[in-house]
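Okay, so subunit A shows up in both of these, paired with subunit B first and subunit C after.
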Partner chain A sequence: MKISSSKNRGYTLLSILFLLGTWKVASMLIGSELILPAPEQTALSVGELFLEQDFIRIVSATIVRGLLGFAISFLLAIILGTWAGISAPFHAFLQPILVTIRSTPVISLILLALIWFDVGQVPVFIAILTMFPFICTNIAEGIRNLDPKLIVMARIYRVPTRRILKDIYLPGISPFIFSGVSSAMGFGWRAIIIGEVLSQPQYGIGTFMQNAQTYLLVDKVIAWTVIAIVLSYLFDQLIQLIEKYSLTWKYHQP
Partner chain B sequence: MRHSLKYIGLVILVLLFLAASCKTGRKEGNQDPVKVTTLRGPAGISMVHMMDSSTQLDGRQVHYQIKNEPMQVRPLLFQEKTDFAVVPTNMAAILYNKGVNYQLAAIPVWGTLYLFGSDPQIQGWSDLKGKKIHLMARGMTPDVMFRLLLKENGIDPQKEVSLDYSFPTHIELANAVASGKASLAVISEPMISMVMHKNPKVQPLISLNEAWEAYADSEIPQTALLVHKPLAQSNPSLVKDFLKAYRRSIQWINHHPRQGGQRVVHYNILNNADVASQSIPRCNLHFEAAYPIRGQVNDYLKTFYRMNPDIVGGKIPDENFFFQK
Partner chain C sequence: MSISLRHIDKAFNQMVIYRDFSMNIPDKRISCILGPSGCGKTSLLNMIGGILPQDHGSIEGAKEKQFSFIFHEPRLLPWKSIRKNLELVLDNQPIANKNQLIDRYLRVVGLEHFADYYPGQLSGGMKQRVAIARAFSYPSDTILMDEPLQTLDPRLKWNLMKTFLKIWNKDKRTVVFVTHDVDEALVLGEEIFVFSQPPVQIKHQFTNTLSEQDKNNENQKFFDLKNSIINILD
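== the complex of A and B ==
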């Protein structure tokens, strides 16, 4: 989602116009609101969603699930990822586990979770399992990519451990953490919404998406999708903002 | 650059082609088989006799197919790939109101829903307070009807009970009750008989049909037989013959539950003939042509409409919803 120059910005705009144009043409060709409503009609439906009395509750329920899942997986990933980064045997031990979790289809996780947990917990569980491997792998890789000579040198000059952590480890691995978090969140939101569709908690974007599907309100299904995309995009921007901020902060330290 | 443009062009072409192919309907040749789509449940049971006896109508083959869930029937109706189909009545109204080209021809199934489970404390509605009740498919008939009846019986469905939708289809929900994973659930025949056969602790606790009759003073026109409108217009006599055969099929199975049970197993609707035979009288099958009872059907839909207009597709269907012979 990074836009590097004004020339590329033109292409980004073009791509969005292309998407909307294709959508419009397709909806005109199909000629049935029921199968594919026009983009402008969907825009109206998005507007209507904002006016729905439970809108804030529905969206915030999904956000809370996402953040909770993220917090848990981040914590786990810091602990296990750091350990795997430092210790090669543990890295070898953890690798197959991470690969297994990552290769398991999201839908099988959900089907199992529906049996194991209460409805409200299912999307969170799914979020944890989809996000954790990304962050964990990236933290471990970040640490393994640090120049060991740099650390040896710091030790020789008797630099305090706290400073080694702060000035060598943290800057070295933070790009890895941020890219891990960014892709984890991207997958995480999608997984949470699938989880909500199937587990039907009282509030949640997925619950209402499914409801709209049952009642054949195709414009509303797409409108909720737009909300989900915007949500994911906003969080991605937020992560980038934090990354930028932490970089400036790093270089302005005395 | 040239290359990528070519690819973009190709993608657009493919999309346009797909869009165009959605639009062109299929041509109706007279020798095409008549396609009938029913559900693995009471509606399927109601048709076993005609599956045996009515394999030809008006010189055309009749092909029957049985789907597990109404959601699997819906796309066939959008694409107009079936001549007759069975779906829940409120789904029929939604489809009609959204311009899908089918009419309501008859109501064959009249209320097969029960609250059932292994919780012996439940004697009446007030015992449900604080309980967890499993429902399938949020927004479909069992769910909206149960929530309406809870409210009618003084229970707030949002606060005083906990409704769980984690088993989305009636087969999964039935298995959950049979294995004891769900202690209370709203479900339809013949699944009730099947589960009671597997787990003798499970009992029907509250009949939604009786509760509905007490509330609305009318039986539940639960399931709808739809007919493809172009067929109804071009060949009304075929439709009439079909409806006649369907009426006979329902009469036959109500009078022959024992043989009927075996046919139900033969068509793979259930896997146990005894269970099927027990279930048949409880399936509440009787054939009513839709047009004469349109008032009753609309009253039923109005009840849902008052709850949430979306349940019936935003409005009460007009006269043209009903097939008139």
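== the complex of A and C ==
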């Protein structure tokens, strides 16, 4: 799993420095703040965003959409994913639907959603359609991958069904759930922001990104992007933390 | 009441494994079923244990029995510590002090210091010891064993057989032990049943009279008996 040694941490730092360096050089070559501001200027713009009166409101609006979309996808995925994991016919039935959803360009979904829904609902709808297939597929795979021999063992030893569910099924599929949630979140945040850019709800990172773009405020567009990256990163870290905490046994493999 | 199989038929697709098969499993003894691979030994255990239905016939005395099973592989939950693995099968059982019982059996198999380890941290032999401890800590009257020693190297295997006999001598339950290895059969088995290729018949049945001291590969009696059984098997 992801246990980075101090040596690898050095490379991580190097990679960040490389990104910043490239950015700096590019901005110097272009020589115009209006087209590509330097990293340090962008850092200032990010700072300014924090001071903006509605900053918390804007960011939390995006977060709430993300969490709402996630909660709905997760719930749906638990139900349908479990069903597909247990029943091969339902798995076969669900598969083409999931593939279709996953292969549809996000932008088509947004364009349709704009016609069908209120602006506030569009990003949530997009988030659900983006996240649901990942989590659902993973839960189904988790259940299908569960070793039936363990269940037979538990049945022979007359372990009560509630404990079979809690102590065999749940831990057995958790690694799959975590990997599903992790990919879902990664794609989810991006989809929500695209949704916000196009649907323009009153608050939201995407809305303000679009506003900045309209006035050609490149530093602001990049500053909001940085906020979006940090947001996505923080949630990824949070998931990893929970995963590490609940999958202790995984770290005890030889 | 001992378990007895009466006129069992069992087929998989067109392949007939058992046809009008009957046998008696004596109580509180170690019955060893010795037979070639693929002769349906595992199916027999599964039918006795009630996880595989027979096509015809009856298995008497099995319904009221409580079974422990030592499988071919350890079948431990990788996400639970050794202690929790044992605790899981004791969940529904009327046992006053489960932790004490678990400690006792882990001590018998020499793993008292590993109670809080995860299965992934133990070797194959150690995991199979845990499976033995699980089988004995569970309040069963019958222990079914499906070639649990097959994947272990010979030295470990002999060790584990000795451990098993040590525990069993203090806590005599009915044991049905299935193997295709003559050494294992002669060391563990009291009543030995030699099975044929399917449809299965009992080719030979005898009571093992080897003493503890005789049970090693250098002993002449052991060696002669082993050769005569290999002849029957072929």
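Just so it is clear, the second predicted complex is superposed on the first by the 244 of 254 C-alpha atoms of A that agree within 3 Å, B and C clash if a C-alpha of one lies under 4 Å from a C-alpha of the other, contacts with A are read in each partner's own complex, and residues count from 1 in each chain.
In the analysis below, a contact is a pair of C-beta atoms (placed from the backbone, for glycine too) under 8 Å apart; a residue touches a chain by one contact, two chains touch by 3 or more.
This one's a predicted model, so the numbers in the text were calculated from it and none came from an experiment.
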- Based on the superposed arrangement, let me know which partner A:Arg158 touches: subunit B (first), subunit C (second), both, or neither? second
- Touching A:Leu76, do we find subunit B (first), subunit C (second), both, or neither? neither
- Message: By the touch definition at the top of the document, which applies to A:Val119: first (subunit B), second (subunit C), both, or neither?
- Response: first
- Task: Report for A:Val25: first if it touches subunit B alone, second if subunit C alone, otherwise both or neither.
- Result: first
- Task: Scan A:Ile35 for contacts with subunit B and subunit C and give back first, second, both or neither.
- Result: first
- With the two complexes superposed on chain A, say which partner A:Leu231 touches: subunit B (first), subunit C (second), both, or neither. neither
- Between subunit B (first) and subunit C (second), which does A:Asp167 come into contact with in this model arrangement: first, second, both, or neither? second
- Query: In the superposed arrangement, does A:Val106 touch subunit B (first), subunit C (second), both or neither?
  - Reply: neither
- subunit C - residues contacting subunit A, complex: 49, 51, 66-69, 71, 73, 75, 77-80, 88-89, 91-92, 117-118, 120-121, 134, 138
- subunit C partner, complex, touching residues on subunit A are 149-150, 152-160, 163, 167-168, 171-172, 247, 249-250, 252-254
- Query: Which bits of subunit A are touching subunit B when the two form their complex?
  - Reply: 18, 22, 25-26, 29-35, 114-115, 119, 122, 198-200, 202, 207, 210-211, 214-217
- List of subunit B residues in touch with subunit A within their complex: 8, 12, 15-16, 19-20, 22-23, 78, 94-95, 98-100, 137-140, 158, 164-168, 181, 310-311, 313
